[in-house]
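So, here come the structures, one by one.
Next come two complexes, and both contain chain A; in the first it sits with chain B, in the second with chain C.
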Partner chain A sequence: MKLNSEQLCDLAVGAAFLGTGGGGNPYVGRLMVQQCLDEGLTVEIIDPKELKDDALVIPTAMMGAPTVLVEKIPSGDEAISSLRRLERHLGRTAHATMPIEIGGINSTIPLVVGARMGLPIVDADGMGRAFPFLEMETFGVYGISGSPLAISDEYGDGAIINAVDNRQMEWLARAIAIRMGGSAYIAEYAMSGADVKRTAVPNTMTLAIRIGAVLRKARAEHRNAFDALLGFLPSTLYRYGKLIFSGKMIDVHRETKNGFSIGRARIEGLAPFSSVMEIEIQNENLVARVDGKVRAIVPDLICIMNTETAEPITSEELRYGQRVTVLAVSVPEIMRSPEALDVFGPACFGLKEPFTPIEEIA
Partner chain B sequence: MKLNSEQLCDLAVGAAFLGTGGGGNPYVGRLMVQQCLDEGLTVEIIDPKELKDDALVIPTAMMGAPTVLVEKIPSGDEAISSLRRLERHLGRTAHATMPIEIGGINSTIPLVVGARMGLPIVDADGMGRAFPFLEMETFGVYGISGSPLAISDEYGDGAIINAVDNRQMEWLARAIAIRMGGSAYIAEYAMSGADVKRTAVPNTMTLAIRIGAVLRKARAEHRNAFDALLGFLPSTLYRYGKLIFSGKMIDVHRETKNGFSIGRARIEGLAPFSSVMEIEIQNENLVARVDGKVRAIVPDLICIMNTETAEPITSEELRYGQRVTVLAVSVPEIMRSPEALDVFGPACFGLKEPFTPIEEIA
Partner chain C sequence: MRIGIDVGGTNTDAALMDGPNVLAACKSPTTSDVGSGIVTVMKTVLAMGRVPASEISAVMIGTTHFTNAVVERRRLLAVAAIRLGLPATKALPPLTDWPKDLADTLGRHTFMVRGGHEFDGRKIAPLDEKELVRIAKDVRARGLRSASVTSVFSPVTPDMELRAAEILREENPDIAISLSHEIGRVGFLERENASIMNASLADLSRKVVSSFRNALKELSIEAPFYISQNDGTLMVPDYVERYPVLTFASGPTNSMRGAAMLAGEKDAMVIDIGGTTSDVGMLMHGFPRESAVAVDIGGVRTNFRMPDVLAVGLGGGSIVRDDGARIGPDSVGYEITSRALVFGGDTLTTTDIVVAAGLEDIGDRSRVAHIPAKTIETALNTIHRIADGAVDRMKTSAEPLPVILAGGGSILISRDLPSASKLIRPENASVANAIGAAIAQVGGEIDRIFSLEGTSRDAVLDGAKAEASERALAAGAKPGTVKIIDIEEVPLAYLPGSATRIRVKAVGDLAVE
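Moving on to the complex of A and B:
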């Protein structure tokens, strides 16, 4: 499939939704891809099934605090530098690139890389949402090494990291990303086509496009966009969604610490909701509580959206006074296995509550 | 020349002297080399003149805070990992290794690498003393790139860093060293034999051995070791030395911050010295002042020594109550050129005073 401008707009919206607050600003990423389309470049998205088993796929991404990204805008060449750096290190060339997460800018960075390098982009990712840490990949959960990882900045600096495990890779790469100014561009989890089919969350890029389209069409037809979206989800791998809160943003605490955007948002309920919902953030929305009781928890999606426009709001865009509606969505089974929860379940973020599927909480 | 145990002991003392407080604990490094000698391995030190112009020389070193090193003792394999990692990256094998600084453990790490890999060690280094930052190399002053740099820890983690300049290389590598636990092992400034002859401070390893021998023999013959050393220096490239203070250590402030040992030592004068000498430390001794007036300043050597034994005291071994004598020594001309002072003169450490050669201050 060759991406067009309308699909790109839908993708930016859908990826911001799936990004559950994180993954970086989708607007910046959309402009970068639009620039490629304007130059006549092709953005070719392929189904994982189309990959040969022995094809080499090298995912590409931004790494860093979303709060930094909106002030330190990438040129697009940084991620290409990393892909080339990793190719040189491996002594092989990539047949395709792929997102590591489907969220904000990290669903569009691979599109820029693919368009500029003439590579197809695989319609899949390794998180099925966004997560703050590089080890939180279904790729790693199901046995793929993230190392060697290539990292580059806008000045031409770069590194190759070979770590003993994916957590240590994250720990070392994060240090570099911080010293590169708080955001940097990476290529990692190089793997075969067979491994993509086995370990990736499939078809999340086209899912994001479809989510964007559902919201766009509902708005155009003056239907309730939240209802439209909740009606659409059961036909996808993200089969259960629920509107869990609606109200006014009364407090946003956010700081850029250790290379992450860390914070807490408080939403005062508007009828029929009462009380206050509190959402904990580490780049992404991790847990939503009302009166101390969990209403949704990672890895399920917690999506804060503009009540009037149904636009997803990423964590760096949260502001006092916004009217917001919170949707919670179940993630695919590949992301809820015991092995998966060991890598990106609540305990991995220091949360005390166990994972409870949103459909059980509701 | 094949190093023997007596020369090794002399080297450890002489390198602690030339290390001007830094370079890491010499005792740890000496034990590592002694272990190699005990195993029957050969430590072959060669003159830079013996190098073929097209030989590949890869220096090896410890990077980190000396305060960390004494608790996190290396196995010796870490630096070998880095050398091998850099060889793989370059696609070439080293003909020799070399110290990047002549100070403490960093004058002995290359001996371990050379002994275990069967490589000669070049009798030269890139600092002519010890400095806290990797860009502070005569190699870099005279045009050699420190990148690519390989860095490894004791667990098998590693990275290759390619930076746009040597300062940025230091900045990125330091972040990795900190996350590897505060000390790590590197291979960098890979260069040709011709470049070694052009940019290195020559014969500093044998100089350290000779300094150690001068102190040892003076003690054995009950002569004044300080006089013996000051009498010996004029026959070397470090041609001017002076005893600038003697007294009692009355205050040591030292912390491990941003990957460095940062501190300040205060010495109360004993006759014929009065007043108090204050020495600023960043891994190494940077400046010595009495009543706010500079008595010696980087890059000239400021060596704090035990008054009774004439043993050099490295910065992590400074203690309240020690009786100490401070020697200042001129460094070779290659380290005092305007280009050299731009890279490791006083301003590079945030010091306000200009460089004044010790022979002018005295």
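Moving on to the complex of A and C:
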């Protein structure tokens, strides 16, 4: 599939939705891809099934603070440098790139890399949403090493990290990202086509595009966008969605802990909802509770959306008084296995409650 | 005594104020030269109030002139859009994502230079002064009279923008220069966009400000004058000449603040009901609550803080259907005087309902005598339900707040609203804009990313507050009146190292009178 401008706009909306509050606003990434399209470059998205088993796939991404990214716009070459650096290190050439994270800005970085290098982009990713750490990947859950990781900035600085495990890789890479000015661009989790088919969350790029399209069309036809989205999800791997709350933002509390933005949003219900929903945020929305009872919990998606426009709202954009609607969505089974929950389940974020699938929460 | 003036696209309003009291107010059509319309309204209010020009201690002007110029693409200059940030930022050159016609109007003279800073003050690259000298010559050769300079993280470290301005001036002594750190906050593209727009208004701003100046001179008013900016605070004329873009959206802010002053409330909801829509906003500490989303002006994305206003389709011309169960969102608009039943038309509007209910006497009452009592009752219920719903949606807590009614359509509201602790209908609400301008204060703001390493959050916050207060004093605030009205703290997500973005706003009374 060759991506066009309309699909790109839809992708930005769908990626913000799948970001569940985190992952950074895809606006800058969308403009970078649009720039490629305006130059006549091709953004070719391929289904994982089209990959040969021995093909080499090198995912690319941005890491660091989205707040820095919106001020220090990339040169556009950083992620490409990382991919090339990793190719040199491996002594092999990539056949395709791929997102590691479909939620937020990282859905768009591989598209720029693919367009500029003439590589196809695999329609899959390793998070199926947004997560704060590089080890939180289905790739790693099912045995793929994140290392060697290549990291680059806009000056042409770069490094290769060989870490003992994916967690240590994350720790070292983040330290370098800070020295690089708070945002840096990486290539990692190099793997074969067979491993992509085995370990990636499939078809999330086209899922994001379709989510954006469903919301756009519903708005244009003055239909209820939430109903349209919930009606669409059963045809995807994210097969169960539910509107779990609607109300008014009455409190947003943020603090920095260990360099991460920890927060709590409180939403006061508007009819037919009553009481108060409290959402715990660690960059992404982690758990939603009403009267102390869990209504949805990570890794299932908890999406806070503008009630009027049905636009996803990022954690940094949450403000007092906003009218919001909260959707909870089941993630694919590959993200809910015991091995997966060991890497990005509730306990990994310090939550005491166990994971309960949204389908089983009344 | 002060005179507040609002120069809108259609009308120029003025209010003569003695402290909080409105002595006189009037409206007059806006003239194409702006100045003569201002002279007319000032003459009128001075005569109405029987006050000599020498008694006026300050004149405050709010204007939508500059916003309209951008929206209508009129009287804009070609701009040298200079960016300091290479090798970063190359992916998206200046004017990316601008409407084509506006980018064409401004001439697409874009330049990218090595320079800029990181969030923590380190340099991305040393400023390429040689390249800037070359650009300065090129700018002269192209005959450009206005330039914008935007450097990465200039709200944290403005040095490179200041140095670039020096270099440009050496080659082009008369060039108008817009520096982004004076205009916007963190968020590069939005700040650059605002700076480029500002640069395109350089000629118009000089003309408009001098027409204001001449208007005062013509009436022998020697008092200083100020122009209101989008956050409801004032700027001195010299500053507006250089930064006209800061007046964008001052209209809604002035209108809400004016309404608040007239009602004697600082924390309240304002509902301004026009012919087609009702605009609902919230006042906190006498200032409108600001919108969190990026604002489009003339199709260009900016990060100005605009009042958060919800528009719903309820106005004096809204069409009534289903025996009163459905109202709007469409309206007969300006055609109300021919299409509403009471004016001999054939469309049932909200105005017809209030006349039929005997609440107002407008037009020909006999023409609505046939409307069934049940329809009238249902329609009145619907009207109040829409207004109440809109007020409730904009509130930040369930607690009822005073609701201030403004605008010609406020006749629609005759009953209590459940979301309101009380309803207030101030006198002179039709010139709330001009009154809002007259009572505007002066402010100071900082918005920066602070490192918390080796210091405490409290120490950083105190420093930020002190700096914002100093800025308010520098802008002309009376010592002792400066208060911190807003603090926002957003830690940088995904970035360990304890950096946090802090925005603090301080305001104080103007040091005149």
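Quick note on the criterion: the second predicted complex is superposed on the first by the 352 of 362 C-alpha atoms of A that agree within 3 Å, B and C clash if a C-alpha of one lies under 4 Å from a C-alpha of the other, contacts with A are read in each partner's own complex, and residues count from 1 in each chain.
Here is the rule we use: contacts are C-beta pairs under 8 Å (C-beta built on N, C-alpha and C of every residue); 3 or more make two chains touch, one makes a residue touch a chain.
Quick caveat, the model's predicted, so the values are computed rather than measured.
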Touched partner set for A:178, first chain B, second chain C, both or neither: both
First, second, both or neither for A:28, with chain B first and chain C second: second
Which of chain B and chain C A:155 touches, first, second, both or neither: both
Touching partner for A:75 - first (chain B), second (chain C), both, neither: second
Comparison of chain B and chain C by chain A residues contacted: C
Touching partner for A:163 - first (chain B), second (chain C), both, neither: first
Chain B and chain C contact sites that coincide on chain A, given as residue numbers: 155-156, 174, 178
Chain B - residues contacting chain A, complex: 85, 89, 155-164, 168, 171-172, 174-176, 178-180
Chain C - residues contacting chain A, complex: 85-92, 96-97, 116, 118-120, 122, 124-125, 152-153, 186-189, 282, 289, 292-293, 308, 393-398, 449, 452, 489-501
Chain A residues within the chain C interface of the complex: 22, 24, 28, 31-32, 34-35, 63-68, 70-77, 112, 132, 154-156, 174, 177-178, 181-182, 248, 250, 254-256, 258-261, 268, 283, 315-317, 319-323
